[in-house]
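Paired with chain B in one complex and with chain C in the other, chain A is shared by the two complexes that follow.
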Partner chain A sequence: MASSSNSSKQQLDELTKDKSVSPFTILQHISDHKLNEPSLVLKHGLPLRSKKKKMPTSQYLSLLEQLAIAALHSHNVQLGSEIVTEIKSYTGGNSLRYRKLLALCLESAGDIDDAVLIYDDMLSNNPSNTYALKRKYAILRSQLKDIEARQCLNAYLEENGSDAPAWVEMAKTCMEQGDYVGAAFCYEELVLFSPMDTSIHCTLGELYVTIGGKENYILARKHFAQCLEFDKGCIRAMFGLVSAAESYLDLMEKETGDKKKKKEWDEQDVELVRDLKAYGVQNLIKSYKGSTMAGLVETILSNESN
Partner chain B sequence: MMLHATKNSTTQIHGILIGTSSSSSIQITDAIPICHSAPTKPIVDMGLRLVQASLDKEEIVGWYSGNERAGDNQPSSVSYKLAAQIQALNEKDAAVLVMINSDSFKNMLECHCDDSGRDRGFDVYAVTGNKSDVDMPLSTTNVSLAEGDWKSISGAVAEACLKDNAGVVDFENQLETGAKGLKNKLQEGDWLRNVHVQ
Partner chain C sequence: MSTEFPTMSAPASFAVPHGSISQNILLDSSIRDWVVLPLLIIMILAGLLRHYLSLVLKSSSVKNLPKIEQRVKSTLTRSSRLRSGAGGYLSKQKYEARIRYWTDDTTGYLKEEMQWVEEETQRQQEEKEKGAGDNGDDDMPDPMAMMGPMKGQFAFMIQNMVLMQGIGFFFSGYVLVKVPIPLTNGFKMMFQRGLDLKTLETSYVSSVSWYFLVMFGLRAFFKLVIEGDGNVQKQHMEAAMVQNQLGNTFSAGGPQKKFEAEKFLKGEIESLEMAKVKNTLDDADTRLLGKKYSKKIVGGNEPGFDIFGTAATSTGKKKVKSN
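The block that comes next holds the complex of A and B.
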């Protein structure tokens, strides 16, 4: 995903350097690839307003919509409101697209209450209006109303459980509040969507180590192992594997003093964890060999292994 | 710290403070960036170990954080716990928790920091393990510079932050490059020293 957005930006650079390219082509490229380039949109789009008589109305309205959003992203609320007012003269006040832009304008101007009224009205007409739900969540987040924001996002996810970015957002919110159990739940949903995504496995492993407890250390090492199976060079997962193994062994050391709890520890599993730790340590030392931190890494991992 | 916040302006940031301490004061000599996302035990643990192993006469004296959202300047429960654990592990009376303050940071970039240190970009808390530690930051009279004055230092920091490609490499950046990145010296990124920052 990162490489495709980089190539879209590179294409945009080439288009803007080529003086024979029409401004419509540049604006279309920005819109198609959902690039965040408000200054370019304003630079190439504003002069086109004077050519509205040469454009079909639908094309002109699309241009105005793109310009309004770019103006608001550039904190030019006055220009944004002016363009939104012009859109109203074409579409009337009841158009849904016009009302979305009006609400964005109100948010930018700091008139949050009136913006929320518009979103609530949209939701009363259509409770599944995902745009309005997301904007309400964004408003609550910006107002630092964390409890209400989380409730709002929860309500959204109950209706839109397949929205992976929303699960990522919920996980982020949970982690900010120190709720690592909640964050792990979100990442368990994400791993179902993308079972081969190494970063999701790695993050889930880290969350389980952070939460702590024997069962969670076991889950953590499975996710780190899965991550390393997909990407053998993932040093983050190597560190995670060593950390999960050490945490498990430390807990084992503490609990084996108690006769009752000692029986709960499977000797074979303990040996497996020692082997996994040795594997992680060996691979980390090998990965860092030749780098400026090689000596330090070897020192800290060798000390812990002894 | 400011460069770490500049480079990662849309995410939370965290790092370690190193220096020396006595019975009456803590001297911070450096800030080492650790991550630009929510800290997890493996990352914090390994980061602390690597920093500890790299130190000679200095010690780990505290933690710094910057929250993701503008206006969210209070220490989170996570930042506080990390600073409290450093205080407990070091068996000292207090550890330092430095929080980037977004309003003050903006004023610092606009060179509004005054001689008392107001609008220097961050707040300082003394963490002793009591829950009331983070009710209020230390006043500007309790935080001083060993050399120079707040106005000129913050001016230099603002200038560094406003340069193109301003920023520092943190531990998480190094982990993101993977094993291949470590072999490529240009990509490796020495987050312990960040030698390009003068």
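The block that comes next holds the complex of A and C.
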């Protein structure tokens, strides 16, 4: 995903450098690829407002919409509200798209109560309005009302459980509140959504290590291993693997003092973990070879293996 | 017949059956001026008229997404991910815990969802009785909504009928053009509709057939002219996306089938219980280390795991490499 957004940004750079390209093409490119370039939008879009007689109304309105959002992104509330008022003169006050922009305007002007009023009204007309639900959550987040925000997001997920970005958001919220078990649940959900994503496996592994306990260390190393299978050079997963193995071995050493608990540790499994750790350490040292960090990494890893 | 070879005309292709070869017919140039070109122009104009008429008649009704349908569909998407291949990327215990979480007889999520659907339907019904107003969420399909797509179709049909009748009336019996390629007799139905001449070469096109050829041939042309560079369609799609976020859908009109939430939820429980997912995650660590632990994997936990003997021994792999 990162690479695709990079390439669309590069394309945008080429478009802006080429002076023969019409501003419409640039604006279209930005909105097609959902790039966050408010200053570019304003630079190329504002002069087009004077040409409104030359384009169909629908096109002009979508231009205004893009401009309004860009203006609000660049904290120019004055300009934003001007444009929104102009939109109103075309669509009337009942249009949903207009009211959505109006609420955004109110939000950025700091008039949150009125914005919430609009969202509530939208929701009472149509409870399936996910946009309003998301905005309400975002408002709570910005007000640092963590618990309410979490409840709000929870309600949202109950209605829209298949929305993966919402699960990411939920995991973030959980982590901020120190609820790693909850966050792990969210990330398991994300593994189901996108099982080949290395960063998801990595994060899930890290969460398991953070939660701690034998079972979780085992799960963690499996996810790190899975991540390394997809991407052999993933440094983050290698470090994760070493730390999961290390925690596992530490725990084992602690518990093998106790005779009762000693039986629970399978020797083959312990052997496997030792091998995994050796594998991780070896690969890490190999991948840092030649860089300035090499010495540091070696010291850390040798400390860890002691 | 076969002895009467036309002496003046160029030898026709050998692909053409003998009997169908006839002499070249000279078509009057006023047929071109007064029949072929006018027909083409009439068709183009009629096509444009039809397009703009359909725009006027189109009922672009924006409808609220029904709450129950949206929520249940979303839940089903989420639960079905578990029985897709993705389920193998959770460890076995977590996977099974999740299956329980969805399908448990009393506290399963899907069971709770079924209860919720029931309550919600009841609540909505009560609300309707109280308000006695319509929220556009009726069980009965709106009769006017059924008219929407019908109107467009009627216009299309009527126009077609009138045009065909008119063309049959004014231009019947003409041979309008000749296709520059020889054709077999099989094309007679397509090219010479309305002409009952067995001996006429198939390359000649009658007026009614010309009408059909132009009608279908112009589709691509209209696409080019009306939709331009696809901007209109793009705008429609964008609008649909924005409306979808706002919880609306563009209904295509027509009576819509009622979404039977409970049936789908029950089906999902069953398919989750039946689901069989091959676990990939649980031996990821041994796979990573390779050779030393590969014997453990070979065990194969399912019958038929190793039909082709590929995982039999590590020596087998070496052989393949050396080849």
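Please note the rule applied: the second predicted complex is superposed on the first by the 303 of 306 C-alpha atoms of A that agree within 3 Å, B and C clash if a C-alpha of one lies under 4 Å from a C-alpha of the other, contacts with A are read in each partner's own complex, and residues count from 1 in each chain.
Just so it is clear, a residue touches a chain if its C-beta (ideal position, glycine included) is under 8 Å from a C-beta of that chain, and two chains touch if they have at least 3 such contacts.
The structure presented is a predicted model; accordingly, all values stated were derived computationally and were not measured.
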Requested in this report: Pick one for A:Lys51: touches chain B only (first), chain C only (second), both, or neither.
Outcome: neither
Query raised in the report: Between chain B (first) and chain C (second), which does A:His75 come into contact with in this model arrangement: first, second, both, or neither?
Result: neither
Requested in this report: Could you say whether A:Thr210 touches chain B, chain C, both of them, or neither, answering first, second, both or neither?
Outcome: first
Query raised in the report: Touching A:Lys254 in the superposition: chain B (first), chain C (second), both, neither?
Result: neither
Requested in this report: Please work out whether A:Lys9 is in contact with chain B alone, chain C alone, both, or neither, and reply first, second, both or neither.
Outcome: neither
Query raised in the report: Should A:Lys145 be classified as contacting the first partner (chain B), the second (chain C), both, or neither?
Result: neither
Report task. Report for A:Lys100: first if it touches chain B alone, second if chain C alone, otherwise both or neither. Result -> second
Report summary line: The answer for chain B against chain A in the complex is residues 12, 38, 40-43, 45-46, 49-50, 53-54, 67-69, 71-72, 76-78, 81, 175-176, 178-180, 182-183, 185, 188, 190, 192
Query - Parts of chain A lying in touch with chain B, wherever the complex brings them together - result: 141-142, 144, 172, 175-178, 180, 183, 203, 205-207, 209-210, 212, 231-236, 239-240, 242-244, 247, 287-288, 290-293, 296-297, 299-300
**Report entry** Contacting residues of chain C [partner chain A, same complex]
**Finding:** 64-67, 70-71, 74-75, 77-78, 81-82, 84-91, 94, 98, 231, 235, 238, 242-243, 245-248, 280-282, 284-289, 292-293
Query - chain A residues touching chain C - in the complex, by the definition given at the top - result: 31, 58-59, 62, 96-97, 100, 122, 125-132, 158-163, 188-189, 191-195, 201, 219, 221-223, 225-226, 228-229, 272, 275-276, 279
